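Paired with subunit B in one complex and with subunit C in the other, subunit A is shared by the two complexes that follow.
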Partner chain A sequence: MNLTFIDIKEFPKRMEEYRYSKGMDFLRDIIGMDWGEEGLGAIYILENTATGENIEVATITANREKPLIPTVCHLWNVAELYEREVYDFFGIYFTKHPDMRRLFLRNDWVGYPLRKDYDTSEAINPIRMENEVTEDVQRPYEIAEDAEQAIIDKQTNKIHGDQYIINIGPQHPATHGVLRFRLALDGEEIKKIDIHCGYIHRGIEKMSESLTYPQILALTDRLDYLSAHQNRHALCMCIEKAMGIEVTDRTQYIRTIMDELQRIDSHLLFLSCAAMDLGAITTFIYGFRDREKLLDILEEVTGGRLIQNYNVIGGVQADITPDFVRKVKEFCQYQKGKIKEYNDVFTYNVITQKRMKGVGVISRADAISYGCTGGTGRASGWACDVRKRHPYALYDKVDFKEIIYNNGDCYDRFWVRLDEILESIHIIEQLIDNIPEGEYKVKTKPIIRIPEGRYSASVEGSRGEFGVYIESRGEKSPYRIKFRPMGLPLIAAMHKILKGAKVADLIAIGATLDYVIPDIDR
Partner chain B sequence: MEMKKPTIKSIPYEEFKDNETLESLIKELNKERTNVVVGALDDLINWGRSNSLWSLTFATSCCGIEFMAVGAARYDFARFGFEVTRNSPRQADLIMVAGTITHKMAPVLKRLYDQMADPKYVVAVGGCAISGGPFKGSYHVLNGVDKIIPVDVYIPGCPPRPEAMLYGMMQLQRKVKIEKYFGGKNHRAKKGEMPNEPIIVTNAPIDINENC
Partner chain C sequence: MFDFTTITTAIDQFLRSMMPAQFAIIVECILVAACALLAYVMFAIVMIFMERKVCAAFQCRLGPMRVGPWGLLQVFADVFKMLIKEIISINRSDSFLYRLAPYLVVMSSVLTFCCLPFAKGLQVLDFNMGVFFLMATSSFGVLGILLAGWSSNNKFSMIGAMRSGAQMISYELSIGLCMLTVVTLSGTMQISELVEQQHDAWFIFKGHLPAMLAFVIYLIAGNAETNRAPFDLPEAESELTAGFHTEYSGMHFGFFYVAEFMNLFIVAAIASTLFLGGWMPLHISGFDTFNMVMDYIPGIVWFLGKTFFIIWVLMWFRWTFPRLRIDQVPTLEWKYLVPIGLVNLLIMTVCVVMGWTF
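The block that comes next holds the complex of A and B.
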């Protein structure tokens, strides 16, 4: 894919053109870039959901002191959080953005970590043990007087002091990790929501810039540990594409089967946790009982239960065990019968239905604008499955249907996942008997260098589109690597979904959106 | 009255590793002998406490999922006295630090720890909580929770297997058993101070060390 550079003066107009005349309604990702002396910039990956056409555009500003880029968050809603992320890491200020605060790091953090000239020494940013002061107002940012960009909206208070505010998180069992919501309430109704991320931001992208490619592979598993296999698949695919490595058929079969097993694993955990959040402990136990059977298979083949470290560049780590085929078949047979049990004990329960039906609705247009891929998008009627849109591995050879529901409420989001368990089993059953003989791994060079250029790949993770973007300068380690988080668009859509919802609905909505925080924070 | 060897029902005493640490602790405690009545009461209370350790639901990343698995159907830590997890630090006896602690999370963790009622215990689960693990070189990761709170048990792994977690939790039970409840606590420093050397009960399994 070619990268088109747009002059910063024409940028707002051209982006509007892309959005409205060319119908690029899905902003997949914004990638902040530090191009050294050329300046700072951002790459936008756009997609037309009707035709599947993809483009990459970029803009660049030479001013490193006060880099300014016009915002696009009025065109794509998800840009609001993406741009805050770029501001946080690169210090690029997006003019006319309504809420330009740091997203991941503390307010008192010094410097912008993903810039190439960032000083990582402990002296500048020691571990601060005092509690962080929550800032509701963006910090004033003075722009040079000759700047032609429009005026910055000074104060856009997200939450006013006179509203009734409660904090949920960062340590709260229903946030599935460490995410913090500040809610402004009117009675029981949620008026505004302010999201604070970064409690598990580990700086994986910055670390990757000094690691070799095989070393980076280990970190992708720890992004979204419930789609560990898919994450690694994406990165391996991207590197193989860049180096021109052809993997064998056997590898493709193993990878596809493992991807689907991982998806079942993730959806079973989703079912368990969603049920527990709504107070149904029995379903939690049932889900974990069946998940353990699956983890046994994964462990036997890969050596790891949760984090498997199985894909490597050019193939997989080890061949499948002789028992693998039989065990997977047994599991598929077993799991099919269990869905009814979950439904009897949980899904058709009156309480579940009341708490999920019609709650937390997100329309198709909003789902696209917020970039909510995965189960959330498909529950709203958006056919966003990467396996269908841009088939990879063996997905163009197997027969499966994309699960699509149309109401976009919690109940549909729940059903998408349940149905996908069956669909994944269906995919596995088509492949499991036909695994071809051959090498499970092709030989690669001992030191892996990617030729200069920009490469991207994406896969359907367990909860959305997971993308990898690599800019290489021909070195052993990437110049810049960016992972598209699956969860960030989901929490960006939270305030739209929560409009008019009650506090208790937040739990049901959060559970069915099914985000994983380490994937959001990276 | 003397302090006895800490035995628990689940695993025989000899099968635990690192008994020397506990024995040296017992030796130290036995230097100052206790009244029979108080000692018997100590034993009774410690028996009760060690068999009803409630953990705080605290997880930041991958290890938390394994911790959930330990609580669920197959591994079920309720069998060993870790009946439930509590969502409020006020009701918890121990905190399982499961996952990476970042700069932004560090004050939150410290605050949670401070909110817990004494006697309280800390278990560092997984490489990240012990030393930063795979993210040791990152600009935003705390390299080991023992820099901010005292740790009682370390459970290595990335993430540790559920069996390893159960083993670590049992080591904590044994540690709870050799405590003078009335005659002054032996595992905590004075208020506001960090103990000089956190007592390490669980080390990495020997075979892993040798391979490294």
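The block that comes next holds the complex of A and C.
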């Protein structure tokens, strides 16, 4: 990938130029970097949603003590959380950022873990036995005008003590994991929301820097466990691209089919959980009943139901089983009929429609600015499907529709996923009979080293664009690896979507945004 | 029909022959209380078992199967577990109100339970203001729920309790209007008298259109009154974890649980008493032989049959509908059910005055 370095003095002007003159309205990711001697910096991956043009820019600051980079969160809303993440791990202050708090780590954490000079000794950050003190504050700050450029903390209250504050999470049935919303309520109406992440942060990116590439593969399934195949597909694709490995046709077929099966799996779970969050428990069981059939197929091929470890560099772990084709065909036939059942019992119910229509609307412009890819973006009318934008594997050879709805409310988000189940079945049916003979895995070197350089790849995960960025120095393990989360942009948009919503709407919105917490936290 | 008063009078005379009249009354009170409570608990157990099996059937499952044949002993095991569990007291809760709340809820539902006519003469409380008394007792259960939410020092419970208060007080109105419709039709408030009047035809047929409408509204409002889906907002588990009873454990939680099931039974039983003739068999005037045959089926079978049919319908609702949102609950009540109920009452009055009933 072509990285353009921008001088930090010109940075705000140039970014504005990209945003407004060149129409780069989608900020795919911000990647914090520690380039050692050269200093700390950040890489911005931008895309023009109208033309599909991609650009990667970076800026760098030599000051390691007090690195300052101008913020871009007034240009792309999603940058607010991305920059907080970079601050959390690299200690880079983004000037004029409205809220420079840590995003994942505790407030009392010492040091910035993804810096290369970070001291991992337990004496500095012992396992703390007491709870973190919740600060209901927002942390804008100013840079002093003098030569010292001291950072002045202008702590303000985000949520006031006299408001009725409740915690949705970290242990709550509707957050589907350990995410925590701090809500200030007026009666049932949500006035303010503050999002606390990091309860399941495992530091996968940091761990990866000391693991070999095949070892890293084992971690991607644990990001978004409902797009395990796609995540791993992205990483394998990125490594294969970097090493110049050509995978066989058979592998491409298997990977594409497995990706789509995984997508159906994820969407069935989405449908079930959305129904359960709205109180329709029977639909939940229906969805899980059918998902079980799919999981049986996946288990037979890969050996796992959730963590499957199937893709490997150069191919897949094992060949498909002899009756895979028959079982998948049977499942496709079975599943097509079941969609009507879900609709009859749940989707067309008047209460469901009242709960979802017009609730949690996110406009197309907001969806792009917040980088809400996947079903959420497509429900708002943004054609953001990576399979169409940057086709990979066999997606340019098969015929499928990109499901687009225009209202951007919960109901449309729900329908996008329902329709995508059918569309995935359609893709699988085109491929399943034509899996070519051949090797399922090409031979690779025993020790995998990626040539020096920067590589990225992205796939359409089950709930958005999943990207992998690898910076290699030619060693066995990456210098820096970054996964673009699918969920973080979704929760970044949360406070925009929640305007005027009630507690019950939060549940409906959270269910239809369909985030998976281990993917947000990584 | 077999009259249960023959048995009760016999017992009464037997006791009076043994001891002075005052003692006899005390002994009878104790006997009645024991029987009523026993019946209350037994019905609760049957209902919990039924709920599990019905729910399982709707969800393509089997339900409990391991404990006893067809899982029959499962509920007993659960009740036993509940009884031996620790009752946890909550820091900085209002401990008196916290402990009082579950008893209020159970008291309200036991009192209401005692008004139900199970068969001819098999009724604990029966006097000329029966319907009125029934409404009064059934409506103070909400007090227990409000207290539970208030006293447990938990914000989720508080929201649940507030939702519950808003919901139950609103829907009480519709229930009242539906009962009033039947009272208008029959001209009496005494429950035994109400059932007796349905000897030629049930009220739902006698009152034709307005009665049927009242029956439907009653089912909707009754469902709301019991805090069950789609009206389970006070304990919406995906929003408020468990709503007002989040902090309760052991038998205190058990009381809420049992009371919820018994309220469902009571709502169904009242529906069957007011609209479907209670223990009165299906009689069609003119078909004397048919009526005779119907009379051979005991009253209690008729009563429980009708009641459990309605319970089954309500469970069907419960396991198919998603939950309403809090602002939609009062909208449904105040914008639709109450106006319809009022107009319906007017129609019924006109029908009765003009003699357009059967």
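Rule of thumb we're sticking to: the second predicted complex is superposed on the first by the 502 of 522 C-alpha atoms of A that agree within 3 Å, B and C clash if a C-alpha of one lies under 4 Å from a C-alpha of the other, contacts with A are read in each partner's own complex, and residues count from 1 in each chain.
Going forward, a residue touches a chain if its C-beta (ideal position, glycine included) is under 8 Å from a C-beta of that chain, and two chains touch if they have at least 3 such contacts.
All figures in this text were calculated on a predicted structure; none of them were measured in a lab.
Superimposing the complexes on subunit A yields a three-chain arrangement in which subunit B and subunit C fit side by side.
Of the two partner chains, subunit C is the only one touched by A:166; subunit B is not. In the overlay built on the shared chain, the residue A:216 is in contact with neither subunit B nor subunit C.
Contacts of A:131 after superposition: subunit B is touched, whereas subunit C is not reached. Once the two complexes are laid over each other on the shared chain, residue contacts for A:470 go to neither subunit B nor subunit C. Looking at the shared chain after the overlay, A:75 reaches neither subunit B nor subunit C. If you stand at the C-alpha centre of subunit A, subunit B and subunit C are 50 degrees apart, rounded to the nearest 10. By the touch criterion defined above, A:207 reaches subunit B but does not reach subunit C. Subunit A is touched at more residues by one of its partners, and among subunit B and subunit C that partner is B. Contact with both subunit B and subunit C is seen for A:285 once the two complexes are overlaid on the shared chain. In this overlay, which is a superposition and not a single complex, subunit B and subunit C have their closest Cα atoms 5 Å apart. In the superposition on chain A, the residues of subunit A touched by subunit B in one structure and by subunit C in the other are 172-173, 285-286, 289. Against subunit B, in their complex, subunit A makes its touches with residues 104-106, 113, 118, 120, 125, 127-132, 170-173, 177-178, 198-204, 206-207, 210, 218-219, 222, 225-226, 269, 272-273, 284-286, 288-289, 291-292, 295, 305-307, 517-518.
For subunit B in complex with subunit A, the residues that touch the partner chain are 57-62, 64-66, 68-69, 72-74, 87, 99-100, 102-108, 110-112, 134-135, 137-142, 147-148, 158-159, 161.
In the complex of the two chains, the subunit A residues touching subunit C come out as 164-166, 172-174, 185, 188, 275-282, 285-286, 289, 345-346, 349, 351-352, 354-355, 502-505, 507. Of all the residues in subunit C, the ones that touch subunit A in their complex are 58-61, 155-156, 159, 163, 229-230, 232-233, 236-241, 319-328.
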